[in-house]
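First chain A sits with chain B, and in the next complex the same chain sits with chain C.
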Partner chain A sequence: MSDKKTYERPVIVPLNTGLMNKFGTRTEYQPVIDIDGNPVKDLLAKYGSPLFVLSERKIRENVQSAKRIFETRYPKVQFAWSYKTNYINAVCNVFHQEGAWGEVVSRFEYDKAIKNGVPADKILFNGPDKSREDLELAVKGNSPIHIDHLDELYLLTEIATEQNVKPRVAIRVNMDTGIYPMWDRFGFNYENGQAWNAINKIIATDKLNLIGLHCHIGTFMLSAEAYGVAASKLAELAISIKKHHGKSITYIDLGGGFASTNTLKGSYGIGADAIPSMSQYAESITTALLNAGFDNDDLPWLYLETGRALIDDAGFLLGTVLSNKRLSDGRRATILDFGLNLMFTSFWYDHKISPAQPFGSHTEDCVLYGPLCMNIDIVRQHITLPPLNPGDHVVAHHMGAYNITQSMQFISLRPAIVMIDMDGKPHIIRKKEMLSTLEKDEVMPEYLDTFNL
Partner chain B sequence: MKLNSNVAVSDSGFVFNPATGNSYSVNPVGAHIIKLIQEDLTDSEIGKKIAEEYIIDAASVEIDLYDFKQLLETYKLLAPVEK
Partner chain C sequence: MLKQTKHILTLSFCGLTASYAQVFFSNSRAFGALLMLVTFADVGVGLSGIGAVLLVQLTALLFNFNEQLIKDGAYTYNALMVGLALGGIYELNLSLALVLTSVSILTFFITLWFMNVLGAKALPYLSIPFLLGVWVILLGAGNFTALELHDKGVFSMSEWWPGLYSGTTEFIGTLPFHNAIFLYLRSLGAILFQYSDVAGIIISIGLILHSRISFVLSIFGFTIGYLFYHYMEGDFSQLIYSYIGFNFILTAIALGGFFVVPSRRSFAQLIFTIPLITLLISALHSLFSIFELPLYSLPFNIVVLLFLSAMYLRSKSSGLNLVTIQQFSPEKHHYSYTDNLERFRRDTYVHIALPIIGEWNVSQGYDGDITHRGEWKHALDFDVRDIDGSTYQMPGGKKEDFFCFDLPVIAPADGKVVKVEKGIHDNEVGNVNLEDNWGNAVVIKHGDHLYSKFSHLKKNTLKLEVGDTVKKGEVIAKCGSSGRSPEPHLHFQLQSTPYIGSKTLYHPISYFVSKKNGKNTFHAFEIPKEGETVCNMKTSKALTKAFSFIPGKKFNIESTENDKTETWEVLSSYTNETYIWCPTSGSTAWFKNNNNVFYFTAFKGNKNSSLYKFFLGAYKVPLGYYEEMALKDNMNIMSVVNPFIRFIHDFTAPFFHYIKARYSFRFTETDNEHDPYIIQFESQITESVFGLKRATSKFHIKLWDNKIALTFATKNKKHTITCVPIS
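Moving on to the complex of A and B:
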């Protein structure tokens, strides 16, 4: 065994005096050496670098905790897994095993949910893009269809008339909940009467079975109170429907948008300190519903399409340092083997990045770049880290939501995805891509087959 | 290149330049390299020495050394080369 010491790149940092900062300088002092008991270096050696890793334990803990929080406050709660957040089949099935239905926003997601075994009547079909064929399929499966616009409403009415069926529908409602920006591009507006107009059309034509009211007020919502406002407005609509049309609404769907513990760019503190807790969201929503004036035996179900908050912190991206360099302005730059191609969300988050090996107490400011030959490929514009050597490993946190579904084969192929089960055993849930993956559907016209150089 | 003669370097990695009044913190490998620079070793000798003591190859040390010396120069800790 060598008695040589561990090498750390030489670092010299000026000591500055200045105004006191009550938060101090944030550095990631703890290395993340393993994920659920699996050493990072072993995972990378076995499955290649970079590598997406998901913790099944963390996912289940998150879902069970969220269910407990809502179910202790409201008697009728149903979660539906938001496929777009992470639609790797193994991930979806963990949620389905925990009792979540499916929530999809496209035909391909709908087909995925069906293939995963979700009963069609437990798939909520959202989104502005549903073709006639998609709607016919959803009608056949008795899936709740969340109508986004009048064109869809008319098309669905047409299909219902042709097929002499009464599809189960909800309308998506957008509204002012006191937050900015107001998401008014989806659904029908509450304040200007569009939503009430759509409801009256549905009930008057009697071709569609209006069973729900849906909204999705925004994303990464930093105000729990906004959900209370949304729940009150939907409840008010439901009560008006009962009063004017004598019809009870089966469910109120508050959509998603709960924040994860990730840190938004520009935040003063870290994400976990800035966001409302799941209990605050739950308290706000359930209080509004319980106080809305529903009869006790006529309380609607509360549907939730929470995605990000249930999976973001269960996902990691492991990678390797490719190189170090110094920029012209003196800043240190470290180049990693993953970048925007795999972490699209670094456009709006300052992802926490931890070294995966022990290090000394010295740190330095640096920029973290990805491997793409593109100037915008920046993982962190500014981060304080211990000196990293080429070949060292790093762990990017909060990678569970949207990064896998938005990752792209731009310049680099997409890496493997591993899920670590409840016993700490890793399972490959999507293989590393090969050139053949990318070229599988390419077609070469015969006349372009050869060339002379 | 030599370290400015009046620059003080402590064993714990505290560097003080009385000429400018600035102080710096340096990690153990950096402190070791500064000591070797004070002993007038050439870059390749420093690289070899570090590689003997640490788990690293001499070529990699030289890459880091080049950058480190640039920083020392920026912070005016190195004496100007006499022409």
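Moving on to the complex of A and C:
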């Protein structure tokens, strides 16, 4: 940082006659000049703007910490990496190196996990979309299949009968854990007996090997207690199975949904203050399981498909200011080179955005727009930022979860993704897309090949 | 009727031979039969002995005494000696037969009385009944003039083959130390009232075949007694008179290997106890000569009983170890004792697991530098660390930043809460509360004089009250930082008194796994070391199920080695020891399963059987699968080593072992660690002589669906034994 004071253009701050506020309009942000020792400026110069950056160190810290928190509260814990959260192979493999299995919700993800080298019997196959072919593949690989609906149960029973094998299955259970909205579109309901019914069907036909119970009560859960309720209900089912059918369940899978430190739109205060800590989730779940009444030497494994909470804060989106303008109501608007196309999650989060260069003490309320020629492309409706000039860099935080998997080539192509390793060295883990990337699989019928204008 | 007659005849025959063997501290019927033959060097003596035994057997049977004791010869060996003694003194005729009948019954009653009285104090009755019985007759014989003194005559072997006897004597006369050798052999013979060199030689051969250690002891004991006499310039006529030196031999065998586990110490002890015999011989000789009574084995009886009762009064039994289960073989006593010492010594500890869930770090071990000193040295401190060894997350200024803070602490065993302290505040990092040194604490009673104590617990997390019972694994409180605790950690100790602040007790953790660089190491009854990352062992259902050998369970065994099918059955003895019994080969393998480890303790029977292979291959199996986890164990030489090689080894076994047998085990693979269907492991047995590998046998074992398949190779051919439970 140079000692020379940077020039900042004057700002207009409307006089508010609200309550006195001892903090004034000061922003809580510090400039984020580098990521794991790599200056933002250099990264953008080298890999182009915008740019996704992932910190391997942060990912590993997150997994190790989550494992430690759960494993010191419950003796049998297994994490499975939720592919849909971020399925860049390099990212998946960091999780696999840390001992996480794979959790997939489609054939495409299943194939990806296999290609990454995850043993098929360590891939949990979730989701409502599994074709006969997909199921046959999973059965062959002995993957635990989490049954979502009765039609899948019947299809799988059919396959098992045909092939004379006993696939390992779990059923997905939905339930009232006291939170709203209640997710009841996936799996079998607990309260109305559907789940117990499905369990009895599986055990009575004796074609499938019921080894687990799965639930996923919601996403970005702001209540740790709900997980305790879910764990208790699943444990109750497991104990009933043992009591009525003499069969021990190998695992209870509580799915994902732990909140990350992102800030939900409309919430008061910043995310990090509002969400339960990993320890609170762990405490709630493990206490419920330990007190459920299992025999000490017959405790089921606890499977967790935590995605967002393990990766969100390890991902950054780096970008550049394209221009500034005044809106008709006098508010300042800043246009960035990334928008909804790369950060789908800005629909529900107020992402933290930091300038990537030093700034003075004055800030101004403004709107951040993305580059798309679409009215909905808004990065932040309101944000207090110091004045930014075209060419200045910004860093969007908590971008690790879903943004990469949900980013699209709408209007513009997808940027490069870089991972910074444990020694602070950047590695490109997905190249910047070119026109040819997008057109690779396009086919032009011959008669459309030429035209005259 | 026929069946009953057969039963009684078998009983009587077994009891008869066993009686002879008992005299030499043996239960070997072959040895007994050999000794019986020796007594027939004089037919009169031989018949008197047999007659006395049969009479007592008859009495015992008629009055419904314990059949097993009849079979063991326990009731009869004293009467036998009375018979032999009197047969040697008096001519065998009707009057002797009458006297013998009475005195045998008298001896039997005396035996019963001493058996009862001394037995209550766990002391043996030795040959006291014999002494009393024979003295009664000798003291009163003057009154019965019908008893004629025996003169060596027509019915004596030495009459028939004099050359055999004089020839042997002449041959020994050519050897150096011939006097001592004569004395030794004749003393040995004198135990059966046979005062010839030939008898001595036959008995000594029998003794070698029965027990090498007994033989070495007999020479050792005799030599000490002889040298003592020699050095003290004693009256050798005492030794020659009725060869009273046999007392040295009997005492040496009794105290060197029969009642005391043979070891260097049991031999060393004899150096001091044998001279007591010489003192007693001299003293009692003067006294008994007044009544013209022979001393017989009186000195031996006195010294052995005094010694054993003295040993029982020790406050701690160490150094010299008394034999607890009489196996009638110093070899068995020695090997099973060393085996027990190495393998099962620690099994007597109450099983105490780690009081934690998951992987914790031992931040201060036994004899720690910080606070585990003096009376509190046997304590363990635990905390939780990340991969870089840090105990907290940044910034680390608050107790909540410490990984272990607020983590559950679990009961290490079943127990009852006897003391609770709660409500003491948790210190901020860096502060200590010296007033409430132990902070929030709980003391749990696990047994008599065994309590566990947990300290520095988090305020208000202890929900237990005094009197509550806890189950192993139950969460009892949360880790905190109360009391003398500058940063959150768990203090765990075992103690013998129920107070907070009691001094600590050395007590190992039953089973745990330590982790280092991703490698799992199995620990059984060890103290976790400072700096070690440890966790409780999780058992795997596939292993616990496959090795759940509940009495009554039967197995179908198929072996490709002999293409035979057989059935094994799991049984339990009246002392609650579990074993696998193979009727086809008549073999037995004793095992234990304590829910953490399955292990065999002993094998008896045919060493070509499949059961023996199974005994070797699954000698010790931890019941929790951990990748590549290995363990090692010693094996009892008696159950592995070739009997001929062991025969030679026995002579010096009490002093050192140059033959070693080691078992090593390693998990190789599983199909799924959480829900294993298949688990495989390898085991290997290595025998070494003077540190040189002599033989190795390798086994590969695969478990699936409660079935066990054991594969091994013999002469380049692979064989598999498959063990399938019969439902």
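Note that in this section the second predicted complex is superposed on the first by the 435 of 453 C-alpha atoms of A that agree within 3 Å, B and C clash if a C-alpha of one lies under 4 Å from a C-alpha of the other, contacts with A are read in each partner's own complex, and residues count from 1 in each chain.
By our rule, contacts are C-beta pairs under 8 Å (C-beta built on N, C-alpha and C of every residue); 3 or more make two chains touch, one makes a residue touch a chain.
As the structure is a computational prediction, the values presented were derived from the model and not from experiment.
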item: Contacts of A:His149 with chain B and chain C, given as first, second, both or neither; value: neither
item: Which superposed partner A:Lys247 touches (first chain B, second chain C, both, neither); value: neither
item: Contacts of A:Pro387 with chain B and chain C, given as first, second, both or neither; value: first
item: Chain B versus chain C as contact partner of A:Lys432, first or second or both or neither; value: neither
item: Touched partner set for A:Lys201, first chain B, second chain C, both or neither; value: neither
item: Partner chain in contact with A:Arg57 - chain B first, chain C second, else both or neither; value: neither
item: Overlap of chain C and chain B interfaces on chain A (superposed complexes); value: none
item: Interfacial residue positions of chain B with respect to chain A in the complex; value: 13, 15, 22-30, 33, 50, 52-56, 60-61, 64-65, 67-68, 70-72, 74-75
item: Chain A - residues contacting chain C, complex; value: 64-65, 68-69, 71-78, 121, 168, 211, 248, 250-251, 279, 283, 286-287, 290, 296-298, 301
item: Residue numbers on chain C that touch chain A, as the complex places them; value: 356-360, 384, 386-387, 393, 403-404, 406-408, 471-473, 475, 535-536, 538-539, 541, 544, 595, 671-672, 674-675
item: Residues on chain A engaged by chain B in the complex (per definition of touch); value: 2, 4-15, 324, 326, 330, 360-362, 387, 389-390
